């Protein structure tokens, strides 16, 4: 039993953290609000240099051959800086799927950092990042191992229309009406289900990262900000809000890492464990975002302050890949309820 | 529009409050723990002098002819002192039912203060006060206006066995196995439903009264009790707990009074309004009880201190006559959800 | 107990409903954008022309001398008809009660009719950089001008719709030696006065609804003072009482929102899980409980009572009810909640409820200290 | 990452499970009643004889020198097998870690084996009338006896199972001039010493589990002092750290409770509404999250770390999880929740979780101040 990252994992995580802290600044995220495609491209180029596109691709197929336990901490780092890019979808969902399905052209482009992928995996008409993604994966019931299809950018653009997300970096496309057929990927049901699970888990990891940033920013703010002659953070009510926020994050984090382990081990409980991770991560991120806004007060409400960049990513993303309630229902079923 | 008690109602309420404050002391309630029948009889004799058994019975049939708006404040007062007696069941549910069904023998005895009535109206095998009640009303689906039957004390005792409630004053009987038929009351479905609604509403009123007492005792305690060199009540966390308790009570109270009005008016929304009242009252009482325990600390845990007399009545009674969740479901249905 | 409205109140309701149904505009842009604000002002003028802008005011100021009951009825009908948020609300609901209480007859005549007609558009100048809910930390100052009137210098911020308004009210420190809530004075200031710079900035929900207001040696006449020099704290507390109390959030708004939530659920039966139906029923119950609480409060006010610290109960309850209600709507919307639509904007706006008009932390302190009598320290 | 136990740990689990399944007693009365306490002591002696009483202790004191991992495994198996609450827990989990850290070898030899064997039964003397979570307000005092040893006078209260135990540990003020957490000393006291009166009183859940302990000029030898005169605060903090941390509430207890809750729901399908199923899933998820958090904590402790203020996270989380879990059981029971059964007793006992071992209000202060670095004042 050893429930912690090993040295390699820690080093990789720190490398990615250093890169993202330096590159994916609030200014870059703000730039992506104005031009999502350009923001994503700039960041993706940096991450490609570190080999991230191929992180989950077997070494034999040109990737890094990393497992979920290696990659999930990196996705949490991406969440921490609100990386405005479909990192989960491209590197964690699509890349190993392309490898498994033998889509060599797409895989090569992806490994070179020239392909970003969007997902509409859970039957919603909405495709986050669909406005600029090079490929879109689409499935009506991936969690149950149904087929996954792929659209190219031209087909996607023709079938969809841009809609406004509260987080402009997500460049959401809406596929209303009849969806194009696209190319059906040659996958086993287990491979399709695993892709869904990676998406859910990756999304959970990002939400935990976002929650950590919201908590850190709020903690710093209430130490500094004075009201009634004392730091706001010296009021017991504020302390208890932030204690609750820390509890939410600290008990979600290990569940996310355990789900990564279950995926890597092919555990028979992996579906339950992934669902539990997302249920806790969504609930924690929503809770922390609300506490962060409340503890900041009015300044949380201005877009000149950075907080909204992270809070809106939470509100936009927490119900994607299955809301907390939806995921708890999966856990309930797994428990025989 | 006038949402307050009128002078007569206020005077009646104050009369009952004065009586109960003087008579239904914590010592009397403790006595009823040891001997529930004797405790109830002692208190019932006092209340009979004020005419309470006939409160809801038409004047033509020897009662006071009061409406729900008159009686509900009295039931709240009974809750406030944790009156160890089936007051709701006897005076608010059974008395007008006996009058409506033409059960003259029972009505006369009841008006004379010689008959206490227990209810198992919601299909549960448990009969609070069944160990000493003179009659037991029983129905499997009274809320839908199904028939109501009546058992005498001998039949009830033969069919049931005493079980331990966490609140010994409730002298619960369990009717396991086949239930005796008893006497079927000659009632219209509307009369049966109205009896159920009075029970739900009366129970809600008692819970609001209990919550008020728990809040008052806790408020007094935290003003007095010192920790870390200051009154416990000066800590912001304690203040906020008690503010939440007050909010819960203050927003449940008007809903209970409005449901009384809806019953008196025969409003088409009366079922929804009664359900809403009980949903809020149960939730408020449970919340306030938990806050009361937490703000007291260890002393809440000793039976030498009075708090438990009121908290246990809440825990014992909050799920009777329909839990908060069950009642919200009725509201949801009424709203077309 | 009498929970029926009188025939005349029912007639008032019928009139209001008829006019509102026929006249409430659809599809206005947010009143917190420049374009939307102009649309809203047009609507407010229409309201005023039909004498629905300030129903509870005396007729000479453009009202109908409506009772509190009629005001509640009007608000219910306003929101039921889908009426948009009032961009005049900071004037009508916050400044006006103070002018009625503290203004001279000349001030009342000068301020109120133009406010009702949406000719003057008022914003509040409460917050300053470094002082949010802590009104007593005001550092903007005013000094007497030797030639008469006052000279104002300082900075206000978080001024809702400040970039679009014409006038501002707020506190300034007139006694430079004073601290905290002493030595403050309440001023009413035309924003086109020389020395004032207004800078709008964006709000979380995407609208440019906030402004900073910079004042540099701004001259205002003595008539700009409301309620006496050095009396600002007492006067302002009266206004924040209004802000927290009945006036800012009438029950009609939440009842209407709860009905809309039920409609949303009915339009999405697959999304309306038993858990969400329970939350929706809760939201409706809470909105109704808020209405009932308000009715009992108004009964007491009509009988001569004053809500006092009770208004803190209102503030905490409606603001947290609103978050639960709007959050449940997002759960019904599922992934679509991320779209920049009415419900999601309402959710984000609802999160501000526990912050403005005195944070809920402060309100809970008030409840505990003034209603329950817990010790301050 | 490696979330598998080793073969030897699995073997340890199998042994523990086999013995526990064969030996765990059924139907004991509550250990907080006189009759039940005697039954529990018998069970504790059986545990000791099979060397399962103190698995993590050295073999010379009756343990198995089990690792922290093995201790977690044992706890899981203990609760899974339905093992009753340990009436020895205040000794084993609170006093013993302090004796290991601060005791002399002679004290360790004198105290630990008899504690493990349930020959000496320890209760804690923390609270005093007027001082609950405020340990530093201790006013019981000890003064040096001219002939050696100490003279103790004062009153302790809320002493769990005090009426049945043989020994007590607690703080006494040895420096009469001192205030708050200075000048306190940690004593270990046989309750049969002359001058001690123990008065049991009833607890909310009906058991007579509390006691007041009156000390009137009680003589104890110098060896009764643990960790040095005047060092009581530091020593006690080490114990309360244990109390709040890993040791008092191992995850096995909540995992077992969550499994029992699932069984309860399965046995009452009509009562298990979708809302309750969601709450049950939440309770299970939280119990599992608590287990996982603990595993990462133990990983860090095994690597030489110390949980420190992190144990406040544990305390708040398990105590509030426990209330949600037991409350959900009552909802499943419906009206039957009022019966004096195991679930209802567990619910009432769970309400004490946020109170004892330092209230959750204090824990949240610690979390905010020590883990997040918020200012104390």
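By written order: A, B, C and D. Residues from 1 in each chain.
What we mean here is this: a residue touches a chain if its C-beta (ideal position, glycine included) is under 8 Å from a C-beta of that chain, and two chains touch if they have at least 3 such contacts.
Note that the coordinates shown come from a computational prediction; the quantities given were computed from them, not determined experimentally.
What chain lies farthest away from chain D once each centre is taken as the mean of the Cα atoms?
If we average the C-alpha coordinates per chain, C ends up farthest from chain D.
So which one's got more C-beta contacts, B-D or C-D?
B-D
Taking the mean of the C-alpha atoms as each chain's centre, how many Å separate chain C from chain D?
A distance of 52 Å separates the two centres.
Starting from the mean Cα coordinates of chain B and chain C, work out the distance between those two points in Å.
Centres of chain B and chain C (C-alpha means) sit 40 Å apart.
For chain A, jot down the residues that touch at least 2 other chains.
235-238, 240, 325
So which stretches of chain D touch two or more other chains?
As it turns out, chain D has residues touching two or more other chains at 273, 275, 278, 361, 364.
Any idea which chain C residues touch chain D in the complex?
273-275, 278
Where on chain D does chain B make contact in their complex?
These residues of chain D touch chain B: 127, 130-134, 136-137, 158, 201-206, 210, 273, 275-276, 323, 330-331, 333-340, 344, 347-348, 351-352, 354-356, 359-361, 364.
List the residues on chain A that touch chain C in their complex, please.
Going through chain A, the ones touching chain C are 122, 124, 126, 128, 163-167, 170, 172, 225-229, 235, 237-238, 290, 293-294, 297-304, 308, 311-312, 315-317, 319-320, 323, 325.
Given the complex with chain B, which residues does chain C contribute to the contact?
1-6, 9, 69, 262, 265-266, 272, 277-278, 280-282, 284-286, 288-290, 292-293, 295-296, 298-300, 303, 313, 316-317, 361, 363-365, 367-369, 371-377
Which positions of chain B touch chain C when the two form their complex?
1-6, 9, 69, 219, 222-223, 230-231, 233-234, 236, 238-240, 242-244, 246-247, 250-252, 254-255, 257-258, 260-261, 264-265, 276, 279-280, 325, 328-329, 331-332, 335-337
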